[in-house]
Amino acid sequence: MSVVAAVLYRDGKRVRDIDVTEKVHCPDDHSEFVWIGLLDPTPQDLRLLQDQYGLHPLAVEDAINGKQIPKVDVYRDQLFVTARTAELVEDKIHYGEILIFVGHSHIITVRHGHEREFSKLRGELEQKPSMLQNGVGYVLHAILDYIVDGYLPIIETIEEDTLAMERRTVDNFLGRDEIIRIFSLRRELIRFQRVLIPMGEVAAKFVRSELPCIDPDARPYFSDVNDHVRRVQAMAEALREVINSVFEFSNLLEQQRTGAITRQLAAWAAILAVPTAIAGIYGMNFRYMPELSWRYGYPLVLIVIVVICVLLFWRFRTLKWL
Amino acid sequence: MSVVAAVLYRDGKRVRDIDVTEKVHCPDDHSEFVWIGLLDPTPQDLRLLQDQYGLHPLAVEDAINGKQIPKVDVYRDQLFVTARTAELVEDKIHYGEILIFVGHSHIITVRHGHEREFSKLRGELEQKPSMLQNGVGYVLHAILDYIVDGYLPIIETIEEDTLAMERRTVDNFLGRDEIIRIFSLRRELIRFQRVLIPMGEVAAKFVRSELPCIDPDARPYFSDVNDHVRRVQAMAEALREVINSVFEFSNLLEQQRTGAITRQLAAWAAILAVPTAIAGIYGMNFRYMPELSWRYGYPLVLIVIVVICVLLFWRFRTLKWL
Amino acid sequence: MSVVAAVLYRDGKRVRDIDVTEKVHCPDDHSEFVWIGLLDPTPQDLRLLQDQYGLHPLAVEDAINGKQIPKVDVYRDQLFVTARTAELVEDKIHYGEILIFVGHSHIITVRHGHEREFSKLRGELEQKPSMLQNGVGYVLHAILDYIVDGYLPIIETIEEDTLAMERRTVDNFLGRDEIIRIFSLRRELIRFQRVLIPMGEVAAKFVRSELPCIDPDARPYFSDVNDHVRRVQAMAEALREVINSVFEFSNLLEQQRTGAITRQLAAWAAILAVPTAIAGIYGMNFRYMPELSWRYGYPLVLIVIVVICVLLFWRFRTLKWL
Amino acid sequence: MSVVAAVLYRDGKRVRDIDVTEKVHCPDDHSEFVWIGLLDPTPQDLRLLQDQYGLHPLAVEDAINGKQIPKVDVYRDQLFVTARTAELVEDKIHYGEILIFVGHSHIITVRHGHEREFSKLRGELEQKPSMLQNGVGYVLHAILDYIVDGYLPIIETIEEDTLAMERRTVDNFLGRDEIIRIFSLRRELIRFQRVLIPMGEVAAKFVRSELPCIDPDARPYFSDVNDHVRRVQAMAEALREVINSVFEFSNLLEQQRTGAITRQLAAWAAILAVPTAIAGIYGMNFRYMPELSWRYGYPLVLIVIVVICVLLFWRFRTLKWL
Amino acid sequence: MSVVAAVLYRDGKRVRDIDVTEKVHCPDDHSEFVWIGLLDPTPQDLRLLQDQYGLHPLAVEDAINGKQIPKVDVYRDQLFVTARTAELVEDKIHYGEILIFVGHSHIITVRHGHEREFSKLRGELEQKPSMLQNGVGYVLHAILDYIVDGYLPIIETIEEDTLAMERRTVDNFLGRDEIIRIFSLRRELIRFQRVLIPMGEVAAKFVRSELPCIDPDARPYFSDVNDHVRRVQAMAEALREVINSVFEFSNLLEQQRTGAITRQLAAWAAILAVPTAIAGIYGMNFRYMPELSWRYGYPLVLIVIVVICVLLFWRFRTLKWL
């Protein structure tokens, strides 16, 4: 079985490693609990734990299927919590899935995907027995806090990129590649927000409702997790507005530019039509065209052409078409 | 009568087939119930059952008329539930309608349209007497779960098609046929969401409210159905955003392209106006045009034309118009 | 006075016609009630009934002024209900107004406009004394049900027209007349939705709140009315989305078409500029232009022109501009 | 002091004018109250009344500062209500501010701006002692009703103008002045809605909450005020949709027109390029151009030109470009 | 330590400056409290106060990290409040952060950034012992009121600028710099609204919930703060609508102008094509062109050209293209 760690804790201190198939009897005073960490377990692994720890079949089914929206399910005196880890890899956010079974004397974490490890977190918690002795609720909080703390650098990186892109828009016009990149960043943001909203709801549920296995004194801690989710959410929303602004902005500038060029085109077309039309007239082959035999007919026509063109040019300048 | 099956169950086990016109007396301890399945029944069929099982006239009226939005109606100690099955056939989602009358000792399912059969479901349930002995609430859950499980493959197929289309947009411009297809997929999605929202409300109602005939222990099961609806809903929403993105995106690229072509058009018009205008001048028939008799007048003019054109070309290149 | 009918009912059966100025004493057990139907009454008519039946002055004021949004007002032990009938006449929905005063022993319906008559409804109800004997609440339900049943054919007619128009959009471009018609249909829909929403709230209020004069057993009946309103609402919303889709769609196709034509225009302009420019050159009157005296100068130039034009044409074909 | 009126009422009848600095002792049975009307009072005036009638300092501060959003503040057993009067002057809505201090035995109205006078209202109320004897709550209702009754003519005038403008759009294209006027009307509407929403909340608060100084029997009266606000709101919303429709509509027609003109332009450019190109060819000065010396060369070329132009014209007609 | 001030108050009067490391014992009757003001404290400073005043570790962590969304956290009998000050510097709003720890006998304010000082506020409060003697709740109110009072001038300045810009739009077309400035103002507004919403929630929480350390009589004061936030919010929303209007407006006018210029361009192109085409015809070198030898051929052609051009000009005038 893909067991990362399986440890019995008493009064916040590590007692010993256990075997997942072992039947551990914890006293009713919640002074002891078992924390099992699994990585990509098979359905068989989970069914085995189901019998051992009385996990609800629906929760086990969800843990086997995966692809759950973050949520908290209450099954009598047990909880089933699902959450999403996130990591930014080259403009794409990769998601991992964490499924947590919580009972009064056990907490089982199931991880799908390798995005972020928990062993460091376990080490840190074992350094603070005063927290750990408060039971499974604090372990659950620590995991959610750890997951949510991983969201901030992602949004900060996207923020930097987007703001840089925004500054460039003010000075330049957006190229095809930049449009594609912004669209892709926006999609990542929209997807991320779809994870953030239920994650916030998960944290808020621990703050608002009386849930089994969770010490009421732990509420401010879940409230703190909720705060951090809300902060990331606020940043994500702000970023979406920036991106939409960039589009609208670039749209407006592009439109203004097309308008200006249309006017320029119209002006030059008018100016250049003058020599063409006049020269066309004097290119006709009529026998009786007196101007053709004038001594200064040619320079006169040239002067007329230049004068009309200059007048037109000056007129269009005044209209700000040129 | 279009009876697909009509069976009496006791303690989760099949006792015998019954006749729908037969008056079955079930004990008050809910250990027995009757499950009747009808396909496209006539109003007469339904009125007959109305008398037999004390169905509410408004519920029967709805079952006759069909075209109901998914809902749960409570009539004293009976329930009337309507739901929608869905199936994807060549880019179109076909909907079927299921109407369910639930009493303490009976569950009557009425099916309009042939989209998905329930006989397989009945077979599966009869394999699990431990579930079936919990009564009509579990049968109802199994039906809703079965319906909702049919939603996922639909949304996954549309997702695949849409994402493929999106990838093509990045590389190409959308043709008329692709625009029509995306519009049609979007409409199917919008319609599907209109079914998903009340279906989720139906499931949520079983989780939140104390309803007659439903064992409170069955709540996590309905919560699970709700979860699955919510997941499909989340996917549908995400897809709509992708489709909107594809349009906006294709719009922006088209606009940028039109802008670029307008500039190119303006540039070439300016460049080509040069030989036309100059040649026009020297095509005039004035008697006294000294340049015409120069030995190298012609090549000189050609050189002047080429030089001006090249300068203009270079200038437009710099402006990124060409 | 514009009295359409004024009848005393006992135990669901018609007793006798009454005079509206007559003081009718009904027993307290709700076994008797008076149902008065008025058409376009004058303020004087209403003030007379106000004294007779203890109607609240604010309700009477509303009945005189008309133009009420559908609503339910509770005045001590009486109700005042306003509703809207609707009828489709040549692409326009005409609205009528119904104002209903309900007391324990009286129901007075005031109708403004002739859109749909109630006498047929009264006749039908008198055929079902078992319903009518339940009192004024059932008469009120029957009226609301009758009004709401009139909404469905309207939305179905608009739906048919809109879907037909949509199909034409896929094959053609929208003309000015079609744009005007769709805009007008959309406005009718928006206005209709403004009536549907408060009509649904009226029905919902009877389902949710304990209201005077209304038997709690009548709730499923009002819930049924609410369902029908919701169904029409769902159809109206779906239609608005179809109409918006038609616009967006026609917009996108128009834009694509303009883009395509701009490219075609640019391509032909470039191709046709070639003969013009080259012919212009050889139309110059320089004395020393060696090509002019070549034996095959003319066919050569023609060949050059054709070759360049064909090359350009082939190039634009490749770019899909032509 | 800018006292418009200050009167003591007993049992709904005017007793005598009082001096605002006078200490009036009213009995506890609410049979007497003082109604003071002020116009643009100075801070000193208000501070004086504050001591006399025990007004809350925050309410007095608001009355001095003005520019309050409509609201109801409860200070122990007193109320402080702020409202907005409105008047239409040449396409602009002018707002006035009314601030009302309500205690069991006093009602003080402070008016900023001269938009609509209350003396007429006081006169009318004094004609109905049966209402006035119910106390300050009815005076408050009368004032709010009077203010809200002033909203309807405003929205009706804007409605008329907008619908006239809409009809013109269907027949014509919008000019610059009309666009400016519609924009300005829309802004007035948006601002008006910002006043209507909190005004409705003020009325609703009197309907829903048990407030000091307000007789529960007065609730239907405030509900009636709320109804009238809601009706004006519904009209304002409908108007905004009409205006947005006018823009969208005019936008679509303008776009269609630009598309049509682009096509026409392209067609004529193509047609006129034919004589220019062919004539250019035969304007070349090659020595050996056999056609030039044909007897019927010239009429032949003219015929060729005309035929090609007619064919092109006919082709573009078929395409509906011309 | 960066202590700005640390003072012990008794019955609303300043007793003496204290040392932050000093253990001050206040009686349980809330007659005394300590008010400490810190500027940019180090984590060490805060940890020291944490031990002294029993601050919750999560609150201290937030005070160290900063960047909090405005909020109220309840930790047993203490409060932790975060808020944002704002200042407008050259079209940009600069934000400062205030973090406030409130206990029954202490209030500790932590300021990050120098935007607005509190010492003036402390001076003002010390002038009003009648308010100050009510305890820490009134100090907290005064701080929030002070912060919120700083919002109004910001929004008023932006309002003035925006309305000026709007007026210019009506008379002119927007230039690139103005578009950039409006976009930047809009972003500042959006960001500001993101601060206003949670600030309003903070104030509303004090009005609605029973919070530790806060005297229920202080509620109207927090309600007043909430009112002021709502007023600024209403102005911000109105401004955003104005800005959106300016864009839409400028968009519509630009589009109308492009349409008009397209029509003008098309008209002039048609008019100027006439002399070019006709002159081209008579510039052909056919031997047999009878018109060429007519005595008045040339002036006749000139007249024909002028007549056609004038007719076309007149036609386009009628169509309002010119």
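Miscellaneous remarks
Letters are used for the chains, namely A, B, C, D and E, taken in the order the chains are written, and counting of residues starts over at 1 for each.
What we mean here is this: a contact is a pair of C-beta atoms (placed from the backbone, for glycine too) under 8 Å apart; a residue touches a chain by one contact, two chains touch by 3 or more.
Please read these numbers as outputs of a predicted model, since none were measured by experiment.
Taking shared numbers over all numbers used, the chain B to chain C interface scores under half, which places it in the different class. Averaged C-alpha coordinates put the centre of chain A at 40 Å from the centre of chain D. Among the residues of chain A, those touching two or more other chains are numbered 255, 258, 262, 265, 269, 276, 280, 283-285, 289.
Taken as a contact graph, the chains are arranged in a single closed ring, with each chain touching exactly two others. Of all residues in chain E, those touching chain D in their complex are 170, 220-221, 223-224, 227, 230-231, 234, 237-238, 241-242, 245, 248-249, 252-253, 255-256, 258-259, 262-263, 265-266, 269-270, 273, 276-277, 280-281, 283-289.
Put simply, chain A touches chain B in their complex at residues 56, 58, 61-62, 67-69, 71, 73-75, 174, 176, 179-180, 183, 186-187, 190-191, 194, 247, 251, 254-255, 257-258, 261-262, 264-265, 268-269, 272, 275-276, 279-280, 282-285, 289, 291-298, 301-302.
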